[in-house]
Every structure is written in structure tokens, then in C-alpha cells.
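Structure, as C-alpha cells:
Chain lettering (A, B, C and D) follows the sequence in which the chains are written, and residue indices restart at 1 in each chain.
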Amino acid sequence: MSTNSQKYRNSFLKEVEANVEEGEWVKMCMQCGVCAGSCPLGKHWDHPPQEIFMMIRAGKREEVLTSDSMWMCTSCYNCIARCPRGLPITHIMHGLATYAKRLGLAPKNQPTQGFSQLFWDNLMKKGRVNELKMGLSMYFKDGFAQGVKNAMANQKLGQNMMKAKRMNAMEIMGGHGVKSPGDLAKIIKKAQEIEDGKIQDFS
Amino acid sequence: MAKIELSFYPGCSSQTGASSSNYLVSAQTMCEELDITLNEIPDWNCCGASIGYGGGGELPRLTLSARNIALSEEHNAGQEIVATCAACWLSTREAKERLHEDEQMFKDANTALAEGGLRYKGEVGVRHMVEVLIEDIGFDAIKEKVKKPLEGLKIAGYVGCQTNRPFGIAGESFENPQYLDKIVESVGAESIPTFEKKVQCCGGALAFSEPEKSQEMIHGIIEAAYDNGADMIVTPCPLCQANVEIYQDQINETYGTKFDMPVVYYSTLMSVAFGRNAKDAALNGHIIKAKKLEEIANK
Amino acid sequence: MTEVIATNETILVVGGGISGMTAALEAAETGKKVVLVEKRPYIGGRVTQLYKYFPKLCHPTCGLEINQRRAKMNPNLTIITMAEVTDIKGEAGNYTATAKIAPRYINDNCTGCGDCGKAVEAEFDDEYNYGMGKRKGAYLPHRMAMPQQYVIDPAIIGTDDAQKAKDACKVNAVDLDMQEETIEFNAGAVVWATGWQPYDANKIQPYGYDRFENVITSVEFERLADPTGPTGGKILRPSDGKEVKNVAFIQCAGSRDKNHLLHCSRICCMASLKQCTYPADDVDISVYYIDIRAIDRFEDFYQKVKAQDNVNFIKSKVASIVKGDDDSPVLHGVDTEGYNRYANQHDLVVLAVGMEPSVDKESFPVDIVINEEGFIEPASENGGIFAAGCSSDALDVNRAAQHATGAALRAVQVINRVAGTEG
Amino acid sequence: MAEEKKMAGFVCTGCGIGERLDAGQLETTATRDGKMNTCVQHDMLCSKEGVQVIRDTIDNDGATHVMIAACSRRAKVEAFNFPEVAMTRANLREGVIWVRPDTDENKETTQEMADDYIRMACAEAKFSTKPSKSGEQELNKTIMVVGGGITGMTAAMEAAAAGYPVQLIEKSGALGGRIAEYYKVLPTRSPYATPQESSIAEMAAAIEADDKITVHLNSTLAQTSGAPGRFSVDVATESGSTSNFTCGAIAQATGFTPFDANKLPEFGYDKSADVVTNHELEALAKAANGGPIKRPSDGKEITSVAFVQNAGQCSDEENKLAYFSGVTDLVSIKQAMYFKELNGDCDTTILFNNLRTPGAAGEDFYRAGQEAMVLFSKGIVSEVVPGDSLTVKFKDMILNEDAEMDCDLVVLAVGMEPNSGPDPYYATEGAGAPQEGEELTDEEKEERAAAANEVSVDSILNLDYRQGTDLPQLKYGFNDSHFICFPYETRRTGIYAAGPVRRPMDIQQARDDAAGATMKAIQAAENAGKGMAAHPRAGDLSYPSFRKEGCTQCKRCTVECPFGAINEDEKRYPLFNEARCRRCGTCMGACPVRVISFENYSIDTVGQQIKNVEIPEEWDEKPRILVLACENDAYPALDQAAMNGVEINPWARVIPVRCLGSVSLSWITDSLNNGYDGIVLMGCQRGEDYQCHFVRGSAMAAERMSKVGDTLQTLNLEPERVVVHEVAITDIERAPKLINDMAETIEKIGMSPFKF
């Protein structure tokens, strides 16, 4: 719980500015709410972007970082297109989500959190996404039994895709990729290090 | 028409055996007809899409795209990069702009790339195939190319999100872009300019992680097209295409509908209109067959 | 040929709206020679198109009547209508101005009797009513128009209609051979009062002004409410002429928005509050706002309107408008006072469009300091050229008149220096 | 009058007048009934040739009185402009042919209408004389500026820059006013991003150096007498010495006083030294001179501040301010930036309801504040709990929950109260005004006024005016104009308020306002010298005079003059002050013995029009309706109705009046005695949002007419025969209807028996 000495102070706002992608924009929000009204998944947000920005100013660190709201972002960019103050809201939402995850505060079993990690791991393996494996790992993320269920549920879909040559069982053997996934890994590892180095400790 | 040569970034989903391999096929056919040469960026990697954010942070994601641009600048020097996939285009262009406005990011990205012996300059343009069609080719030129006008077809132009926002196509509005309708008309079909869901989000990657939420939106998109009397939907985005097409069975189950709405690419329409056969137009790549197109193609 | 007697002791006022009129009259009533150049066929500008003023709910034509009488009776004042200043050369105390005068095709003989209007058949969209309603090809722009002279629409020149107008006129005021003319004259100082224009609502795409008939602008709403307007003062829906029972006002339509106008237009909040008093009290009214900017005593008026049972305030920038049943707009957004999502259907939506300064940075006739919002800065670099009213900032009528009076003094100072009357 | 009258009539037959009316007969009427020495027709009188005909008659035949029968007096004004003669106009176009149907059965009545308007115009001409300058005062170019703050200093400099000498009066020992105490001020040039140094010091120096400006420090006004063009001012200094000077006009820039925060116990102002007002913060910032701002209580460097917006403002509570003081949101942003500048890493939170930062400068500065990491929260503060660390309790309107925060310092954004003198109309229009149904005698009213002045603040101007010592107030003590189109339409001619005493405003606005008020002051001085009236009858040379021998010293005129233009001499006879007068004629309407008149507007110029209307025999079934219409609104409304072809019944005879307040009861009683069947008076809206530019003219007419009842009784006539209406200039359909309604009424109740 934040104490009065943190409420409506800049402490959390500063943390967001330092550690969150495009975080320095949060202070520019004027609470018009056009982002909240523009989000296609809006009704699924416990706290719409504009409210999250207000919570940041109010110093509600835990509430914000443990929220599942940011994970509702579909990256449709409606909010960015309409924001009268030009806040890159999509990126701020992504940034907050990533930061929450980094701190281990993001809600567990948040499906999109899980999926985005799968996606990333998947692409990092060979440098290109392997849709089949990604699909399967998605189905099996909640264990084998659930996985089979999911797979069965989507079996028809899979068969259709195979028929249309838009899914290839052979992908399981490897599939597409860059020539030297190792080099790519090195590059991204470096990028990761640089980024980690910049994170400031506010805890 | 002057020959156009571009550095091509196909993206993961368009690879053979991947979810939008039919997009690639039809796009290549279309380009042949329009005398556009696509030089694939050698050894390109995934752009990280938008959904990658949860795994990689900002810099790693930007670096992914920086690598592609660097490769293009190295191997396809002097050629603008063109992408057919909305996410690929968006990520790459976004990365370029971000690295341009933020000097530190620019340095950091290059420090990372140096690990793989690459250097990013970021001096090359990044465009979507649709921009090339509108700005370099033009609707009239497309009209001229038409051998088999798609008469009697009513097609809903579904633009979706990422081809439209935040960059969009020059001269088009975010809320009511017209270019797909113009393409539809250029190939002799009837457009639906009032299609109110033309920029509605389909859920994007959340179709995987949050199927119910996404399918609710997809349902709305198909329903609107249906209510507007559309024979099929056309889109410039592979994820839109997949999401709107492949879940129709599940949506029909959930909502008790009987949707059977083909969802094709602008390149599909053009390939057929330009007189190419069903195979070149990759009509076989559709789960819900675009029968009316097939008929025209097989004429 | 228009004759203008002017010296470098003459004050040139560009724009004959409330600010220009005020500046011109105050200077002229102080004994200074003034030339007023107005683009429209009449003076008065945008206030002539308003139904009422806030917060008194009095009628702009009342003040207009007084100002026009002042103008008619003042020998120091020369008014040139249908004219634009295209060039200004020289420096403070010694300017040469060039003005282009469009042909009115009616000369000073005109008695305003209206015979030509009756004779002509062709009709055009009535710009006085923002295109709602029609006017003839020979017309008096509005009943209070000064000069009280008809205008012939250039579009009918060369047609039988033009000839009909000529034949109908008993005082041969119709001159179909009138040509555009360019005149040059001196001035010691210039008051720039070209005012403002409503921000182009078509550019605010999410609100579909270009797609939905029942989404209109605040300036159009003024005409709807005006008994002399296209609907005779009844507030009817453009789509079906039905009486409006439920109206929404959207604030900051184009203002406070980096995609449109960066600045706050100041007047829109009060204008909408004023317009809340136009419909009958059985009409439901919703005001969607970010901040209600009721300054000074306007707070009283804000409280008064707030107390109306039929008015409801929602702190929200509307996200988008979609078409609902029988063409009723449905507003989507979130009430940010405690996160309430809404999808509200209204009979009519009024966009409180922002004030865009009518100061064209590109083609401004002389080098002058214009800020990023497009307003003229009070800069010493501007020499003997002084902005008045909405050329200087987004202002309401009262502040515009106040500002114009001050601008008049600054012009008088230059003139007096020239005349060597100081000391 | 020495010169003998030469009356010339002119009848225009253009615009269909010739077709619709028998011009020959009109001519005869003018000469036979109207006693015109000559009368000629012209087919287009407003044409160059037509105007030349009139001009020749004046120049060659020496016509002194001209009657023009053509269109409305509002039309072709520029053409029919002959200041060297007494001129009247008969409105045959808008007044007759445009409001009557062009049919044979209407021909007769339409002609009668026209003939009457000719007779009326001739009579009006006969009893008018050409207005001319009285010479009561000469040009006095000196401008007195009261108040040496930023507004007054600006006014002084602006006047001097225009070449006018200035007498600048300042109560305190130095120029500069409040701004002198400020650390920094709002930016006045784009980009509106950072607070800037005020220019007050340079201005003071410039004034010092300007030999056109005489500065009186430690000075107040002992008395201001006279009128525009000849004000005589006694200045008293603290030391007790007095001096006198004369001036042509006055600008009052006496500024404001910050709201007393002791009235806000809920915010702990009286309990904690660390709760300060926005004005006190300026001093703190200045005291810090470049270093960090320190807490008043213990000198600790401040690391967190909360700004409470609208403290004691926008409130419906007793002894708080109901209005919003224009700039206090911008000021708080500015002051939050002080802390960002001086206190390094200091948190500043602004708790607002509606953030009111209008215009380009306002919104820019709001964004600049956010850039500087000033934290904004839509929150309504309920309480500030004192303590080592202050706790601010508020409702967060966005998160919709009760919240609280701790901070080192709380700044209360309190409002501005105008430094205006006592309101002359406290007892009649202000708080002391009689309540519903309460009838007050003049004496009682005066007692109340006096009482009010006792309790209220000291006078600033000490005007030697019959109607109080200071400028009238619009609302909340502000000396503002009541009119939106005319921000400087003062009720004390030649005296103009500027700056926060007129309306709460920021420095830039105050400086522009100073320029505006100075412009009006200069104008007033110039026109006083020419004997010309000020707005709205700008340029009018006519002025009221009275027959002393007839005067009963009843004081009606001195009490009711809306502009305090009439004083009383020791014998309580009225003393007119031409340059204060606005020529509305309210005094004329007030005078029970009809001794007050203007050259071209008098009991006779109207009375004779009424008398010269032909009253048909009762059995002719042709009633006559007298319409007295305010020339600003009702008359233009009727003109516009005519343009729209709205019909008016043929019995109406319309006479425009300067103001309904100028209507003499005698006109009403005379017309009733002369057999008029109905009388319609049309004035402006009255009440709080009155539209009458002569303030209470319309209201007073209503009051006076309420007394007509007795007259009607004695004549045993029906009360419906006399009606007073509020008519707006937009009542284009309604105004004619009101006249036609009277015709119907007469249908019902029958003709007046008083036809001789």
C-alpha cells in the first residue's frame, strides 16, 4: 500500500518515465478519455489507459503493475490516432505490461502474457515464427490434458489450414529460419543487456 | 509503366506452409503483371510483430527490425523496402522512425547489431505494398491492366488496423479510408464504401490468447459485411485475413450464424482480374472458397 | 472606379467584423480618417450569423444596429466591401496598401427595393445560413446588411437571369459590366481584424460530420435556432425535419487537439452553454466536455445552465460517432469521472467547432510575427500593424471589442506621431 | 430663434412610392397641412441628382428646415445627410407601402397613412431647430489615470504615446502595484512556456522620464467635479497638502484585493503558517531570491506543494466569491514552475475541478506545466489538516474515491475582489434595492444609499455628482459595462474602468484593457471639446435645456438621469452637464411640467406629430393607433418586417423615440384626448439582463405608464387602450403583430369617444 507521502507525488511517475517504454508521455495526459472510448477491447479493461495514467499520478504502483488491463491491448492504434495530446498509448501499454512482467508483478496465467512470451521464444529459436509449434505450445501451455482438449477443439481448423497448405505438419521437424540463429541470438542478447542496464531501481 | 524494383520483406506468415502463403503467391502474381520486381531481403528475420512486446523489451524488438533494414541496406542497396504484411510494415517503419528520433536508441541498436557484424543506417524508405500500388502504379493503371473485370461481385473492403494506423496511407483518413474500395472498383467489382466495420479491430494476436473476445469482434465484422450484401471481404492484412476467415466455423457455433464469407487479398482480386488462373491467384489457399472468383478465373 | 481618399494619417482597418468595426468606429469617432476593407458584401462579419450572445442571451443585431448607425453617420469612415487587401508596403507612418475589389454588379443607386431579387430565378446555397437554405442569384445577404445593397452572384453573369435583374431595376443600379478592380492607397497604420473561421468539421473524422446528416456544427446550430434562419427558428433534424428531442454537444471539436487546433478556442464552452438554452425544456441535452472553461462572471451562467433539469454534463471526449436507428447518431466513449462506458443515441449532435484564425501565414501581405497557432503576436517587429480581436487570440465578442479598442489606440498613436501632434 | 424658418419639403416617388401613392396629393398635404414653403417631387431622391436638388434648395433658397418623404430614416442615411439644417423624414416606403397590400380596396387607407406621415414629418420639422455645439466646454487633452499598478502605468504610457498629457494618481508611495511584489509573471509572447520577469521596473523608469506624465504618489482624490472636457480634480496627499488640476477624461485602474483566506477555515489558513495564498507565495518566491523556497513555519526547504484551485471561488456559499477569477489556474501553474525552478526535485500537485486555461496562451502554458512535471488531478478539496506535514483531503473525481495527500506547503488559489468605490445605485439596483412590492420614497432611497456608503468602502473618485461618488457597478463590485458589444459603455461619461477593477484578468489582458480604456478617455475628451455626445448617440450635438421659470424643482430629472448628468444647484434647480449627457431624453420623459427639451427632440417635436395626425370621425370606423417605438430595437424590427412584407394595419402611426424613458406622459394623455383609440409603446427588455442602452428607460416607461390608469379612468376609457411591450430587434414577426393585436382590441372594445 502506498502511504500518503507517495500519493499524488511524482515517485511512481518518475519510475514510469525511467523504466517504461514512452513513459515520459504519461504526464501529458489531460484525462479526456478518448483512448478509453476508442479501444476495441475497452469493456474488458478494469482500468482504461487514461485511468491508468491517473493512477500512476496518484502513486498506485501495485494496482497499476498488477493490473491485467494493459494486456488487453490488441495494438490496433486507435488510441494513438485519436489522442489529442499525441500520447503513444499503445506503446505505453506495452511498456507498462513488459515492466510489470519484468518485476514479476504481472498477473499469473494472463493468457496474452503467456502467449506473447511463447511468441517471442518461438521467434528467437530460429529467427522466424513457427506457427505450428506456436499453436501447439499455446494449446499445451496449461498442461497436457488441457492441451489435447484445445487441440481437439481446433482440430477442424488445423485440418482446414493444412488442406489450404497454410499449415504444414512438417514444420514440427524444424521449418523456416535465419541462416545463423546464433548470431541473431547474440545481437538480441546484447540489446537485452543494454536495456537491462538502463532499468533504474525504485523498489 | 516504368519497371519498379523493391527490396521485399515477406514476413513469417507468408512463407510456404504458413498462414498467409497464399498472400505471397497472389502478391507475386500481381507484381509480375504490374512489372514490379521483388528482391527478397536475404536472411530476413521476424519483426517481432506487436505481440512480441511481452517477451522482448523495446530495444530488442527495435533491433530485430533494425537488422532487417541493415540487411536490406547492405544487399539491396538503393531499393526501398516493401512489405505485404501489415505488422511487418508497421514494426519496420516504426523502428526506423524511433531510431531516427532517438539518438541513444540508434547507437544502442547498432551496438547490438555489431555483435552480428551488421550496421544500421536507416536511410531507406519502408513502404507497404498498397502504397506502391496507389502512389507508384495508380488506380487508372490498374484499371487498364484488367482483362477480366470482376463484374457482379460485391466486395467489402476491410482495411483493419495496422495498415491504417498510426501511419496509414497518405491522403486517407483513419476512420474512413477509401483506397480498398477504389481498388475493388478498379478491378470492376462493386465496392461498399459505407461498410462501417472497415477499420474495426479483429483482435490481432489476441485471437490466439483471448479467442472469445476476438471472435466477438470478428463476428461483428462479418455480420456487417453480410448485412451490406457483400459476396466476400477483401483485406490488405494477413492476420486480418486469417482471423476473419478461419474462425467462422467456431463463430457460427457460438453465435448460431451460418457465415460462409470468403476473405481474400487485394492481390487475389487483381491476379484474377488481370486474367491469371486460380492457382496463380492462390484461390486454393482459402478455407472458405471464393467460388465466384474461381468461376471468373476459370472462364 | 472606386475612389479612396487616404493619406499617411489614415488608418486602414482590414476586416469589418465586430473587431474591425469597433476599431474603425472608435478611431473615426476620435476624429481620425479610417478606411475599412471588408471581404464580404456587408460589414458585421460572423456576429451577424449568431442568434444570441452569452451570457445575456441578447441579440447581436442590437449592437449591430448601433454600430451601423455610428458608421452611417460618421464622415471620417470609408467602407469598401467585397474587397481584400492583397499587399502592404512601407513602414509605420507610411504604408501603401493594395486592395482587390470584386464586382458587386450593383452600384450605389441601389435602394434595396428587391425588384432584381424577385426577377431572378437561379438559386444558390445561402452562405449566410452556412449552406442550409437557398438564396437568389440577386440577393441582399441578410436583412440588416449594410450597405443595404443587393449583390449579383457572378455565376449568373452572362445568363438571362442577369439581364432579368437589369431589366427589373428601375433605378439602373445593375451594372453587368462591372469588373474586378485593384486600388492602391496610403495609410499610416493598419489594424488587422480578419477574425476567424469555424474549424473544418470534416477533418474531425471520428465524428463523421461528412458522413452523418444529423451531426452539425455549432455555427449551423445558431442558424437553426434563429427565427430568421432556414427553419424559422425551429430546431429540426437535417435528415428528416423531425423536431429534435435529444441533442448532444461535443466540446473541443477540433480544439485542444494536436491533430487539429492546438489551442483552446475559449468561446466554445460558453457557446454551447448558451445553446443549451435554445431548445424547449422538454428536450434532453448532453454536454460532453473535457473542462468547462467558464471564466469570470460566466461562472454564473454555467451554474444557471447546470441547474436546468434537462441538461446533463459528461466529462468525456467522445471517441467516435456511429449511425444508429433512423439516422440518429450514437456516441461512443467513456465518462472519465469514475470510468463509465457509454453508447448514447441522440437525435442531433452539435460539434462545438474551434476558432481557426483567418490569418493566412503563407499569403500574408506583409512580414509580421505569427505564432504556431496562427495568431498574430503583439510584436514590436510588426511596426504600424496591429492585430485586433480574433486575429490575435481566440476571443469572445466582448473581449474582441475590448481588444480592438486598444488596437485602435495603438494605430492612433502612430497617426498622431505622423501628424506631429505630440509634444 | 432669430433667423426665420424656411421650410422645404421633398417627396420621393421611387421604389414604388409613385405607383402606390398619389404623390400630387402628398405634395399638397405637405404644403397645405404641413405648411411647407415649397415641396417638390423627385423620382429618385437618393440619387446624386436628387440629393443635389435638396442641396440647392438649402444653398440657394436658404432652406432652414427640410422634410424628406421617402424611405425609412435608417435607409440612405449617407445620402440624406444635411447637418446644416433641421431635417425630418417621413417613412413612406418601409412605413407605408411595404406594410400595406397593393389592392384597390386598400388604396384609400394607404394614402391616408402616407398623408399622415407627411403631416407628422412636417410638424416635427416645424418644431425642430438644428442642433449646434453649446460651447459649454473646450478641448482639454489631459487624461487622469487613477491607480499606479500595471494597468494604470500602461494607461498613462499609452496616453502619453498618443500625445496626451497624463496626471497619474497613486495611493501608495511607489508605482508598480501588486506586480511589483511578484517573483515572475505569465509569459506574454509565444511560446507560452516559462514564467518571465515583469517589466514593471522599466515601465516605472519610462514614466519617470516622460515629461508628459505627472505622477502623484501617496495621493488620493478629494473631489472630482465638472464633466468630460472640464473635470476639476482636487488631489490630497498623505502629508495633507492638496493640489488641483483639470482634465478632459478619466481612466480608473484601481486594481483588486486578494480574497481574504481567513474566510476559509476548512483549509486551515488561520491554523497553519504553511497554508498560504497564491499572492503570499509570490512574496515567498521573491524572498527566496534565487535559492529554494522555504516553509514559513520552520524555514525547511519545500519538497512538496499542493495547490488548491478555486479556493473560495465559484462558490454559492455566503461570503465566498461566486465568480471565477480568470487567471488563478494559470497562476498556479506558473507558481508550480517556481518550485521546479528553485527547489530542484520538488513535487507540485494542482487539484482542480475544471482547469480554466483558455486561448492559445492558456493551453500552451498548461502543456508547458505538464512538461515540467507539474502533476494535475481533477480533485475537489474538502479539507486541509494542519500539522508538521499538511494533509490535503479531497475527492479524486477521475478515480472516483476520497483521497488524501501529504505535503510541506499548501497554496490556496484565491480570487480577486475589485477595488471599486461605493455603488451609487446600491439602494435602487444593488443589494439595497427595494424587494418585491416594497415601495420606497426618494428620501428613503437616499437614506439607504447613504447608509450603504457608510458601511461600504471609501470613495475613490469622490465625484461631485448628484448620483453618487463613484462608478456604478455591474455585479460583484466590478465596474464593468453591461453590454457585450460595448465593453466600455460607461454609465459615467468620460470615466472608464480598466483592469481587474472592471473584470478579473491577467496582466496581458489588463494592459490591452488599459489601452482600450485610454482610447475611450481620449475620445471622450476630444468629443467633449466638440460638444458631441458619446456612444451610443455618438456625434449628437443636441443637448437638453430647460425653462427655469416653469421648473418646480421636483428633482425627477436629476434623480432619474441614468448617467448622473444633472446636478442640483442650491435652490434644487437642475444643473445640466452637457458633456456627461448621453441625449437619451430620460429627463424629458421625467419632467411633469414639460420644461426640458432638445433642439430636435422635444415635447413639441413629438407632441405636434401626434396632434397633426388626422383623426377621422368616430363613425368612419377608422381607428388611430399611436405607436411609440424605441429607435434602437423596435423601430428597426418594424423596418425589417416591412422588408419581409409583413402587414401592419392601416390605423397605426409609428413615431420613433430615442428611448421609451423619454416618453412624456403628456403625449399619452394628449393623444387620448385627441381621440386616438389605442397606444402601443415598444421598448427594450428590462430587468436584470436589460437591453436598454439608457439603462432604465424601458423600465421607467413601464412604471410611468402604470400610472396612466388614473387618466384612463377619469376619461372612463378602457385600460387595454394603452399597452407597453418589450420588443427585441429580432421580433420581426411579433412587433407588427402587437400593433395588429391593438387593432383587434379596438374592434372588440370599440372606438374612442374622444373624437372632435
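Here is the rule we go by: contacts are C-beta pairs under 8 Å (C-beta built on N, C-alpha and C of every residue); 3 or more make two chains touch, one makes a residue touch a chain.
All figures in this text were calculated on a predicted structure; none of them were measured in a lab.
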More contacts between chains, C-D or B-C: C-D
Geometric centre: closest chain by C-alpha means: C
Separation of chain A from chain C, taking each centre as the mean of its C-alpha atoms, in whole Å: 50
Cα-centroid distance, chain A relative to chain B, in whole angstrom: 22
Touching two or more other chains - residues of chain A: 30-31, 50-51, 82, 85
Residue list for chain D, restricted to those that touch at least two other chains: 378, 398-399
Per-residue multi-chain contacts in chain C, two or more chains: 206, 256, 315, 320, 336, 339
Chain-level touch network, classified as line, ring, star, complete or other: other
Pairs of chains found to touch, sorted by chain label: A-B, A-C, A-D, B-C, C-D
Of all residues in chain C, those that touch chain A in their complex: 206, 252, 256-260, 290, 315-320, 332-336, 339, 341
Residues of chain B touching chain A in the complex: 12-13, 15-22, 43-46, 48-60, 62-64, 67, 108-109, 111-118, 161-162, 165-166, 174, 200-201, 203-206, 208-210, 213-214, 217, 242, 246-247, 249-250, 284-287
Touching residues on chain C, where the partner in the complex is chain D: 18, 25-26, 29-31, 53, 56-67, 69-70, 72-74, 109, 111-114, 143-144, 148, 170-171, 226-228, 256, 262-264, 266, 291-300, 303, 315, 336-339, 371-373, 375, 377-379, 393-395, 397-399, 401-403, 405-410, 412-413, 416-417, 421-423
Residues on chain D engaged by chain A in the complex (per definition of touch): 304, 306, 347, 349, 366-367, 370-371, 373, 375-378, 389, 391, 396, 398-399, 403-406
Residues of chain A touching chain D in the complex: 4-5, 7-10, 13, 27-28, 30-31, 50-51, 54-55, 57-58, 85
